[in-house]
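Structures incoming, each one as structure tokens.
Next come two complexes, and both contain chain A; in the first it sits with chain B, in the second with chain C.
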Partner chain A sequence: MTAKEQKQRLKEIKKFNAKKYKEYNKNQRRKRAPESEYVTKMADNDNIIEFDDLKTYFYTDIGTVKAVDGVSFEIKRGKTIGVVGESGCGKSVTSLSVMGLLQGPTGQVAGGSIRFNQVGKNRAVDLTKLPVKEYEKIRGNEISMIFQEPMTTLNPVFTIGDQLMECIALHNPNMKKKDIEARALETLEMVGIKRDGMLDLYPHELSGGMRQRVVIAMALSCNPQLIIADEPTTALDVTIQAQILDLLRELKDKINASIMLITHDLGVVAEMADYVVVMYAGRIVEQGTADDIFHHPAHPYTIGLMKSKPMLGEHVDRLYSIPGNVPNPINLPEHCYFKNRCEMCVDKCEGAYPELISLSETHKVSCYLRENEVKGEN
Partner chain B sequence: MSEINYVVDAKGVKKYFPIKSGLLQKTIGHVRAVDGVDIRIKEGETFGLVGESGCGKSTLGRTLLRLIEPTEGQISINGMDMTKLKREELRKVRPSMQMIFQDPFSSLDPRMPVGEIIGEAVREHGIVPASEYRDYILKIMEDCGLRPYYIDRYPHEFSGGQRQRICIARALALNPKFIVCDEPVSALDVSIQAQIINLMEELQEKRNLTYLFISHDLSVVQHISDTIGVMYLGSMVENGSTEDIFANPLHPYTKALFSAVPIADPDVKMNRILLEGDIPSPANPPSGCKFHTRCSQCMEICKNKVPEVKDMGNGHTVACHLYNN
Partner chain C sequence: MRQYIIKRVVVSFIVLFLVSILLYSIARSVPGDYVANVTGGNPNITPEMQQRMRELYGLDKGIFEGYVSWLKDALHGDLGTSFKYQKPVVEVIKSYMAPTFALAFISMVLEILLAIPLGIIAARKQYSMTDYTIVAIAIMGISLPSFFFASVLRRWLSIGLGILPISGMVTARANYQGFDLFIDYAKHFTLPIIVFVINGIGGLLRYVRTNMLEVLSADYVRTARAKGLPERKVIGKHAFRNTLIPIVTMVGGMIPSLFSGAVITEGIFSLEGLGRVALDSVYNGDIPYLMGFNMFIAVLTLIGTLISDILYAVVDPRVRY
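So, the complex of A and B:
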């Protein structure tokens, strides 16, 4: 590409982005939106959340990054779903899209919908179309999030009591101060760190494991229906990780919530999740129950991921490694994104991106290799 | 027994960091990061050092290379007494001992091209004559799986895995015998992790390298190490061959640590030993056995008396009162 062409291309991108930004800002400025615009129906009332062809794009100066490109899955009430993938595969962006925390106007939901079941209100809303005022009522109340790094999640200049009570006070404006404090102590008890004077401590006075417990307490303080845990134990040691995972499992049953667990650690997923979604370069390559994924992995990427992790108690001379790197998210190819790293390629892989096909009622995979298996079964 | 060649032989290594406070910066106490550790590594072996964060494993690695001055103890590497070397002498022996750091994003100078990153020390130490310099760098890069045209590129153009390859190339360029690898794969994705581990194993075979492999990921340590040391709060609690330690962990802490590792199989329900609470502060460690505050098999003696290191046969040592008899 000559310098002139390059310049021309960048100019086009800029123009395109400006248009997208303008649309976004216009939408953001609207104070009110009619209910009919965002209230929808769930496909299945048993689900707490349904992702339907979600597309989240980032309009950057060097091109559009399709961080999440047509992702569909659902989470059943009271179940845990694990989203696995390498860094940059779009798993965190999916969760940020749910929370409406995308860094706009660069990052925005470009298509599809996220239907959230408001069980208490007996209705469902489309989070992608929800106006900001409505969003504030849901965020931290019905959906809450646990982030990876507990030190950066907590504000170092406020006591943990302040931070815990802020969330409760915000979502229960009529609550008395005394009751709020009682509720804060109650949540601390739930996560197992209630002590005298605990509310007056600052985050730096706590250890990493305790900080993560405070973050979990904050997330649970309003009895959410859906907890999004984005790598909740990655920054912690294995012994502390075991404590936190145990705690999450216990609490989920206690308040009957669903968990969307985002992680790159297959071990954590195997232990926690009922359903597993495997993502690669912004798309779902395989999804199914934990049993499907761990005992009958179908996509070459899933198989490679499992093989490349050394297992305790097993000895291999050489680790299997998936060759190459994750593709550049700008200008992704037409064919299967995994093609260049795949060792089981067939001629058909040159063609269009493979559709998700069902291997069983729960197990879906997007790979041409498995097409025959479906036909064989029918 | 024939004579075994130990590349690293250290006894009673201690590193205390002073805690200073007040206007006059008086020392009011010490953080006992490494508190009397013996470590021996055979030539061509990999010694895996595991433990929770804050247990002093990184400090030990750095102290061995004298990147930080030890407070006490003897360290000998390649038969040289490291603690007695003067500055200029230390500089001369540095090429034979190198380090690979955890974060490949912060350990590479963003303003230097790859060739210069790898080659700077080669030139400084005069490893090869100036005429062969470029060919030498290219050869090292090839060994580490880097393409020749990367030589003039800058670190930001590379992915995490490739950057870690650059870090490895930088360490290898000096023909070291001993490399301290401080969590070299922790910052990488699983599929890239496997590539880097394989590369490190290949290089070890080719060049007869000795590694001190520091990691908190037990499955990785098990895969790569010949010998394993488990550290807790500045002390080595258990030490032995990888097979011995994994097949028959003796110290209660080692058992708890191993049982905490999640297994990638939903059918396996672990018999988990959950440790209560957090690791105590190394500035004020518990009396007696340091682990007694969290130990499920704690006895009266554990609270008062520091357990001695006992050899349970085959070089498997453990420091615990449970094995007194």
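So, the complex of A and C:
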């Protein structure tokens, strides 16, 4: 490409982005909208959340990054789903899309829908169409999020109590100050760090594990239906990791919530998740129950992931690693995104991106290799 | 905390001592002393008379001797007598302080009140037209020379529209009393304050904007949003308290400038303030005044940094002394 052409292309991108930004800003300014715009129906009332062909794009200066491109899955009530994949495969972006916390106007939900089942209100809403004011009522209340870095997720200049009670007071406007404090202490007790004067401590006076417990307490304080945990244990050391995971599992059952657990740690998933979604370059390559994924992995990428996991009692000189890197998210190829790193390619892989095919009722994979298996079974 | 302050005060005295040596040496090393300046060009003055005058003013001693005698007096609270005004230095400073302080204080308050909200708005709408406009005005304010900007304003508001006086502090021979006098002062100070604010706002505004941008991308701001807080509270409470930390240090550093005055602005508008007097004293070689004034600024600078350090601990719980 000559320099002139390149300049022309960048100009076009800028123009296109400006249009997208304008639309976005226009939508953001609407604080309220009529209910008919965002109330929908769940496909299955047993689900707490349904992702339907979700597309989240980032309109950057060098082109559109399709961080999440057509992702569909659902989370059942009271179940834990693990979302796995390498860095940059769109796990976190999926979760931020649910929370409506994408860095706008660059990052936007470009298509599809996220249907959320408001069990208490007996209705379902499409989060992608929700106006700001309605979103604020759901965030932290019905859907809450636990972030990756406990060291930086708490505001350094406010006390733990301030930050905990703020959340409770916000979603329970009728609660008295005394009750709010009692509730804050109760959540701290739930996460096992209730101590005298705890509410008056600043985040820097706590260790990483304790801070993560505070973050979890904050997330649980309003009894959410869905907890999104974005790599909740990555920044913690191994002993604390196990404690935090146990805690999450225990609390989930206590308040009967669903968990969307985002991680790249297969061990964590194996321990926690009922269902697993494997993502690669913004798409789902395989999904199924924990048993399907761990004992019958079907996609070459999942198989690679399993192989690169260290096993106890097994001696290897070198841990397996999948060759190559995640493809450039701008200008993704037409064919399967994993093709260049795949060791099991067939001729058909040169063709269009493979559709998701069902191997069993729960197990789905998008790979040409498995087409024959399905046909054989039929 | 108390121990920290005591330590800081002790260190401050050492710094003051060193600063005074430096200031005195520089002031005395300037070519052409006070005597040469006042008697220059007068044919009736003989070198002997000059010599006698130097002895009288204490300018015959060397830098070291002169400094020692200045320091002795200063330690007894006597900053000497200004050569030019023939009054104690402290009195001279006192009598010229009011206009400078008024000008700088009002401007500083206005700067803070304007720079912080504008900086926050610019950061919130980064890369938008609003952002570009605010930043452009800020940069224009920094880059416009005050004498040029002052001239433009005077051409427009004083000569063109005739609504504001062109210079000075009061209308001569008007003899206003009470409230009328206050209004008269206010009118005379409007233009200098505008020039001062526009010139000074840029730095603080850009500082606020950069800090806000940094804080807005912080994880705890995302956490605040994830709690469901409305944007107004996310910015006004969680983000603002954190941007305040660096701003406090900057505002503490602005305290000495309250008294040092804007030499140029005061000069343009012929305001009888400390800045102008200080400039005169440099021209004349009025050593006692120069020393007194500079030491006063040095003390204020040290107090300013101490205050900002203490405030730093107040706004940021992680800082403990």
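Everything that follows uses one rule, which is that the second predicted complex is superposed on the first by the 376 of 378 C-alpha atoms of A that agree within 3 Å, B and C clash if a C-alpha of one lies under 4 Å from a C-alpha of the other, contacts with A are read in each partner's own complex, and residues count from 1 in each chain.
Keep this in mind: a residue touches a chain if its C-beta (ideal position, glycine included) is under 8 Å from a C-beta of that chain, and two chains touch if they have at least 3 such contacts.
A quick note: this is a predicted structure, and the numbers were derived from the prediction, not measured.
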Simultaneous placement of chain C and chain B on chain A, clash or fit: fit
Which of chain B and chain C A:306 touches, first, second, both or neither: first
Partner chain in contact with A:325 - chain B first, chain C second, else both or neither: first
Contacts of A:207 with chain B and chain C, given as first, second, both or neither: first
Partner chain(s) touched by A:3 [first = chain B, second = chain C, both, neither]: neither
Chain B versus chain C as contact partner of A:264, first or second or both or neither: first
Chain B or chain C, by number of chain A residues touched: B
Touching partner for A:86 - first (chain B), second (chain C), both, neither: first
Partner chain in contact with A:246 - chain B first, chain C second, else both or neither: first
Partner chain in contact with A:166 - chain B first, chain C second, else both or neither: second
Superposed arrangement (fit on chain A Cα atoms) - minimum chain B/chain C Cα distance in Å: 5
Overlapping contact positions on chain A, where the chain C interface meets the chain B interface: none
Chain B to chain A touching residues, read off their complex: 52-53, 159-162, 189-195, 197-198, 201, 216, 218-220, 222-223, 246, 256-268, 272, 274-275, 278-279
Chain C - residues contacting chain A, complex: 217-220, 222-231, 238, 241-242, 245, 315-318
Complex contact set, residues of chain A against chain C: 99, 101, 103, 132, 135-141, 144-145, 147, 149, 152-158, 166-167, 170-171, 202, 204, 215, 218
Contact footprint of chain B on chain A as seen in their complex: 86-87, 207-210, 237-243, 245-246, 264-271, 273, 290-291, 294-295, 304-306, 308-313, 315-316, 318-323, 325-326
